[in-house]
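Multiple structures follow.
Next, two complexes with subunit A in common: one pairs it with subunit B, the other with subunit C.
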Partner chain A sequence: MKRDWGAREDVALEAVAAKEELAVTEAPSARDLTPAQWVKENLFSTPFNSVLSVVAGLLAGWLLYAVLRWAFGTADWTVVKTNFRLYMIGRFPIEEAWRIWMGLYYVVLLVGLTWGQAGRRLTWDAMHIVRRSVLAILGVLLLLYLVDSPLVWSLMGGLVAAYLAGVGVGRIGRGRTMRRIVWAGWLLAFPFVIVVLQIADGVGPLRWNGFLLNVLAGVVGIVLSFPIGIVLALGRRSSLPAVRTVCVALIEVVRGAPLFAWLLFGVFLLPFLLPPGVQLPQIIRVMIMFTVFSSAYVAEIVRGGLQGVHFGQYEAARAVGLSTTRMMALVILPQALRNTIPAMISHFISLFKDTSLLAVIGFIDMLRAARIASASVKFIGSSRQTLLFAALIFWIVAFSMSRWSQRLERRLGVGER
Partner chain B sequence: MATEPIEQSTTATDEMIVAEGVKKWFGSFKALDGITTTIKRGEVVVVLGPSGSGKSTFIRCINRLERHDEGRIVVDGIEMTDDLRNIERIRSEIGMVFQSFNLFPHLRVIDNVTLAPRNVRRWPKAKSEEKAVQLLERVGIPEQAEKYPAQLSGGQQQRVAIARALAMEPDIMLFDEPTSALDPEMIKEVLDAMKELARSGMTMIVITHEIGFAKEVADRVLFFDSGLLVEENTPDAFFSDPQHDRTKLFLSQILA
Partner chain C sequence: MTEQAIPARPPLWRNVRVLRVFGQIVFVLAVVYVLRELFLNMQFGFRRQGITLDFDFLQQRAGFDLSEGIAYGPNSSFWRAIRVGVINTIRVAVSGIVLASILGLLIGVGRLSTNWLVRNVARVYVEIFRNTPVLIQIIFWYVAVILPLRLVGEDGEERLFFLSNRGLAVPWLRGRPGAGSWVPWLLAGLVAAVAVWWWRTRVNERTGRPHHRAPLALLALAAVAAAGYLAAGGPFDIELPAIDRGAYAGGVKVSGEFAGVLFGLVFYTAAFIAEIIRGSILAVDKGQKEAAMAMGLTRFQQLRLVVLPQALRIAIPPINSQYLNLTKNSSLAAAIAFPDLVQVSQTVINQAGRPFQIIIIVMGTYLILSMIISVLMNVANRAVALRGTRR
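On to the complex of A and B.
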C-alpha cells in the first residue's frame, strides 16, 4: 500500500517556491554543485572565510593525527584485551556465564521476532547502506581484536543466527497471536533474565558486575520509571487534592536532591525504612532508587507533553463518548508521549550513563572494572586506555539510543503537524 | 439497560431535548441566564447570536462539555445529572462537530471514525470499519480513509469530523460553528453534507452564521443575546419580521 506522507507539505512548499521564484532561482541547491564548487562557495567565499577554513582544517587535521597516532601507535591496548571479560561481566563466575548467554539469546530472539512480525521493509538508500556497513566492519574489527575464544565467537555467531531465525519466524507467523507472543515475551524478559541468573545455585546479585550491571540497572530504571512517571504525571493533574498533593510532593522531593545522594540513601538509610523482616540486597535497593529518581523526571517530561495537547482533543474524545481512562489511553497520551520522545530518550541516555555512579558506592560496574584493570601491577600507567575504552562502550550505547529515538520520532511523526 | 422503563422513552419520543431554566456562570460572568426550550425529534434548529451570547455554552451543556449550574436538561428522556453513567449514555447519543475539527491527529481518518464505536460500543473491527467506509462515502471522501488528518484540507477534515460523530449512530447532532474556520471555497462541501444529514431526519442544533443554510433547512431559528433566548421563530418569520430590537440590530449587522 502506497501512502503519500506529507503530500500537502510538498504542495505548500511548491506554492511558496512559486511566489518567491526570484529568490529560489538565485540560490541554486547544493546538489547542482561539483565538489570543487561546493568547497569554493562554502569554505573559501571570502578571504576571512578562507583563513578560517585553513586554520580550522589544520587544527582538525592535527588533532585527528595526534589521536590516531596515539591510539594505533603509542598506546598498548593489551590491558583492555586481557580484561575484556572484566569489563563485560566483572567477577561473574566464568563457569556460570551460560546464564548470561541464555538471557542474551532470549532477548536477541525476541528482537528478531519483534522486527519480523512488524513486517517493515528496509528502505535504505545507498548512503545508509554504506554507513551501516562501515559501522558493522568497525564493530567486527574491534571484536576480532578483543575476543580470541572460539567458544565466544561461535556463541556470537549463534546470536546472529537466533536473530535471523526470530525475524523469519516473526515474518511467517505474523498476526494477532504472534503479536501477543511478542508482548508476553517482552513482559517476561526481565523476570526471565533475573531468574536464569539465580536459579539452581546461580549467581547472586553481588556478583552481577561490569557492563552487565550497568545494563541491568539502566534497564530496570528505564522500564519501571516510564509507567510510574506517567502515573505520577497524571496524578499531578488529578482533580483529587490528595492524589495531586502526594504526586507533587514526591516529584519535588525526589528532584530536590542529587541522584548520588539518593543512591547513598538507598544503600545506608533504606534498610531502616523497610518493614522489619524484609531484607533487600543492596543492588535491588539501589535499583529502586534509580527508578524513583527517574520516575520524577519522567513525570515532569510527560507533564510537559500533556500540556502540548490541545484542549479540543479532550472535548472531542469526551464528545464521542470515551470514558476518562480510554480518553487518556487512546487519545491524549499517544499524542503527549510522542511529543516527549526527544526529552524522554535524552533523560534515559543520561540515566544509563549515571549507572556509572555505582562505581563510587562500591559496586563493580564497568567504570570500576576499568579502574581495576589499570590497577594491576602488570598494566601500571594504562588508565588512559582503560577509561577510554569504558567511555567508548558508554558512547556506543548512548549513541545507539539517540539514533533509535530519531527513527522512532520519524516513524511516529508521520502525518502529524 | 434492559430494565429501562419503556414509558420513559415513549413520552420522550417527540421531545429530544428539553431545557428548563438552564443557567451557567463562568466565575461571576453569567453565560446562560435561564434558557427554556424544547427540541423535537427530527427538528433542525439554527442558533444565532453575537459572540459571547451563550449559544456555544448552551449546546456544550447539552452533552456536558460544560456543567450547567441551575435548571434541567433532559436528553431523550434521560436527565443530565452528575452521574457519570448518565453523562456517558447521553454523550453516546449525541454527536458533536467543532469549529476547529478536533480530529485525532495521531490516527488515520478511518481510525478516527472507528475509535469510539470500537471502544465504547465494543463493535468488532470489521463491522466498525464497514460502517466507517459507508460514512466516509456519505460525506463524500471515501478515498481519504488511509490518510492522516493533517494531510487533508479543512473542508475534508470537517467532513471526517461529521463522519466520526455519526459513527456512534447518534440521535442528535450538535454543530458548533462548523464552517467558521474554513476557507470560503470549502464551506459549501461541509454545508452540503449537513443538509443531506438534515434531510435524513437527524435532530440537529447548528450554531452558524450561514444565513442561507438557516433559511434552506432550519425548522426553527433561536436567537441568543447576553445569555438569554431572546427570540425563536421559523426562518421565514425570523428573517423577514424580527420582533426584538436586538434581533433587528443583529440581523442588520450580519446581512449588511
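On to the complex of A and C.
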C-alpha cells in the first residue's frame, strides 16, 4: 500500500479510507515536471548525487562512445555475415534445410494460433508502440545486414504470414475445439520436429549443429526435466522414508557437482553403465545428462512451491474425499506450480545458457561455431566480433524469456492472494 | 450398522501399514537392482578394456605439465596433479566470491539509487551480464580482451596495475626486515579502540548524547597504528608491479587464464548478487522504514539499524546459492585451459583412462566444497536470523 501523506494532506479522511478498502496498489500519479525540474530532481538533488551523476555520466558516456566507435567504425563484421549459416545450423547440409524451415513454420503457426485463441487485446499505448517498432526496426536492420539470399527472405516473409494466419484462424475459431487443437499441437511439436529432421534419409543428430543444437538441447532438457522434477519433488516430500531418502540423495548429489562434470560423466562414464551392446550416440547421452541435471533443480523449485501451499488446502482436499493422487493433481500441484513460475523460467533460462557448454565437450553449437568462424585464416583476430554475436543471440533469447516471465507473473498474480 | 461389521483388523492386502512397508521394500530392492546392474555393466566394460577400478594409478607418473599452481612437474604423480587442480579451483572460487560480493553489493545498491543515471547504468549492467552465458563471458575476457593485450613498456617501468597476455599484476605490501616491531603497536591500537568504544557507550548510556562509537574507535585504532608505523620506521612498502625483461616483477601476479576466469565469474555472479541485494532491500516492509523515520533516525541509521539487518536475513540463503554457483561455474575454466580441477581431471582421464575413479574424485571434491560454503553461510545466517525461528 503506497500512500504519499505529504501530497495528500487535503484529502478527506473518508476518501483515504475508501482508497484503503479498494487496496489501490499503483503508485501515486506522477506529477508533471518540466525537463529542468526532472533533471534537478533525478540527477542533482543533493551535492553527493551531483558528484555521482557527473562521475557516472562521464564513465558511461566514455564507455558507450568507445563501444559504439568500435562496433560501427573499427570492427569488421563480415566474419559474422559470412558465417551466419554456421552460427544458425552449423554443418547441417544446406539441401536438407527445408526440414528446419518446416519445423519453424509448424512452431510459428502454433504460436500464432495460441495467441489468437487466447484472444487477448494488444495494448496500444504510445510507449508500447514506440518500443515495439524500435525493436522491430532493429531486428529487420540486423537481418538486412546478415541475410542476402532472396530465398531466405521470402521464407522469412512466409513465417510472418504464417504467424498472422495463425492469429486470424485462432481468433475466428476460438473455443473449446481450438483449445484442444492448440494443446495437441504443442504436445506434438517436439516429436514433429525430430521426425521431420530425420524422416526419409534425413539428417542424423550428429549434424544438428549451431543454434539449432542449442535450441534442441535446451528444449529436450526443459521438456523432459519438468515431469521428472515434479516426481522427484513429490518423492522428496513423501511420507515413506525409503522413497524420501533416495530422492534427497539423488537431488543433492546431482546439484552438488557442476554441470560440466556431469557432461564429462555422460561422455566418459555413461557408455560403460549401459548394458553391453547398447550404444547411444554422444549427443543423446549429453542430452540425458542435461535432463538429469535440470531435473534436480526443477525438483527443488517445485518443492519450494509445494511448501508454499497452505496445509488447509490439503485438509480441505481430504475433507471432500479426494484420494492422494487426485488431491495432488487437482488441488495441490496447480497451486504449487503457479507459485513456481518465476523461479522455473529463470531456471530454464539458465539451462538454455548452459547449452553453450556443448562447445567444450566437442559439439558444434553456436559458441563453437563462433570459435570456428574466427579461426579461419581470412578472419584472423576477429574473435571479439564472433563471440559478441553469439552472446547477442543468447542474450536476445534469454532477455525476452525473462521479460515474458515478468508479464506472465503479473497476469497470473503470483504472490498475490 | 452393527459394530461386528467392521473387522478388528483389515486383511493384510488392505492394511495401510503393511502396504507401506511392503511398498518401500519393493522400491529399495528396485533401486538396489538398478544400481547393481549399472555397476556390473561398468565393471564388465572396464574389465574388457583391462581397466581396474582401484585407485593405485594415482601414484603413477603423470607425464604432463600444468601451467600454474603449487609446485608440480611432469614427473609428479597423478595425485599431485589433482591436488594442483583442487587448489587452483579453490583459489578462483575464493577470490571470485570476495570480488563478486563487493561488486554485486555496489551494483545492487546502485539499482536503488535516487539518481536516475546511476540506477539505469546499474540496470543495463545487470541485464547484459545476467542474460549471456557465463562460458561466453569467460572466453570473451580471455580470448578477446586479455590475449590481444601485449605487454608494452620500458624495463623498470612501474604502474598501478598491468593487464596483458602475461597476466594481471597488482600492487602488494612487502615487509621490510624488522616489520615485526609494528605488531605490538597494532595490538595497542586494538586495545585503544575497545577502550574508546566502551567509554563512548558509557557516555551515551549516562547522558544520552550520541555515542559515535564506531568512527571514534576506528580513529583511535588508526591513530595508534599510524604512530607505530612511523616509530617502526615504515615497516611496509607498497610495491608497485614493474616490467622486467618482458615479464612482471614485484607486486602480485596472476596468469592471464586466471584473470580471464576471474573476470568472467565475477562480472556474471555480481549481476545476480545485485538483483538479490535489491530484491531483499525492497522486500523489507515499508512500514519499518517509516517507523524508523518517525523515531527520528537519520537516513544512514535507518539503513544500518532497521532496513539492512532485515534485508540481510532475506538475502543470505539466495546469496549462498550464488556462491555455490560461482564455485561450480569455476569448472568452466577448463574452456580456456586454466588448470582447475575439471581441466586436470580431463587430462588425467585421457592419460590414465580411469573415468570412474576420477569422476568420483571430482564429484566428491565439489560436494565437500559446497558443504564448506553452505556451513559457513549457515553460520552467517544464524547470526542474522530472527530469534526463535532458527532452524
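Criterion: the second predicted complex is superposed on the first by the 383 of 417 C-alpha atoms of A that agree within 3 Å, B and C clash if a C-alpha of one lies under 4 Å from a C-alpha of the other, contacts with A are read in each partner's own complex, and residues count from 1 in each chain.
Keep this in mind: a residue touches a chain if its C-beta (ideal position, glycine included) is under 8 Å from a C-beta of that chain, and two chains touch if they have at least 3 such contacts.
Computed from a predicted structure; not experimentally measured.
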| item | value |
| --- | --- |
| Partner chain(s) touched by A:323 [first = subunit B, second = subunit C, both, neither] | first |
| Which of subunit B and subunit C A:164 touches, first, second, both or neither | neither |
| Which of subunit B and subunit C A:68 touches, first, second, both or neither | neither |
| Winner by number of subunit A residues touched, once subunit B and subunit C are compared | C |
| First (subunit B), second (subunit C), both or neither touched by A:130 | neither |
| First, second, both or neither for A:274, with subunit B first and subunit C second | second |
| Which of subunit B and subunit C A:256 touches, first, second, both or neither | second |
| Touching partner for A:315 - first (subunit B), second (subunit C), both, neither | first |
| Residue numbers on subunit C that touch subunit A, as the complex places them | 20, 23-25, 27-28, 31, 37-38, 41-42, 44-46, 113-118, 121, 127-128, 130-137, 139-140, 143-144, 148, 286, 328-332, 334-335, 342, 345-346, 349, 355-356, 359, 362-363, 366-367, 370 |
| Residues on subunit A engaged by subunit B in the complex (per definition of touch) | 1, 3-8, 310, 312-313, 315-323, 326, 330-331, 334-335, 338, 412, 414-417 |
| Residues of subunit A defined as touching subunit C within the complex | 2, 42-43, 45, 49, 52-53, 56-57, 59-60, 240-243, 246, 253, 256-261, 264-265, 268-269, 271-276, 349, 353-354, 356-357, 359-360, 367, 371, 381, 383-384, 387-388, 390-391, 394-395, 398-399, 402 |
| Contact footprint of subunit A on subunit B as seen in their complex | 63-65, 88, 91-92, 94-96, 98, 100, 102-106, 108, 115-116, 119-120, 146-152, 161, 164-165, 167-168 |
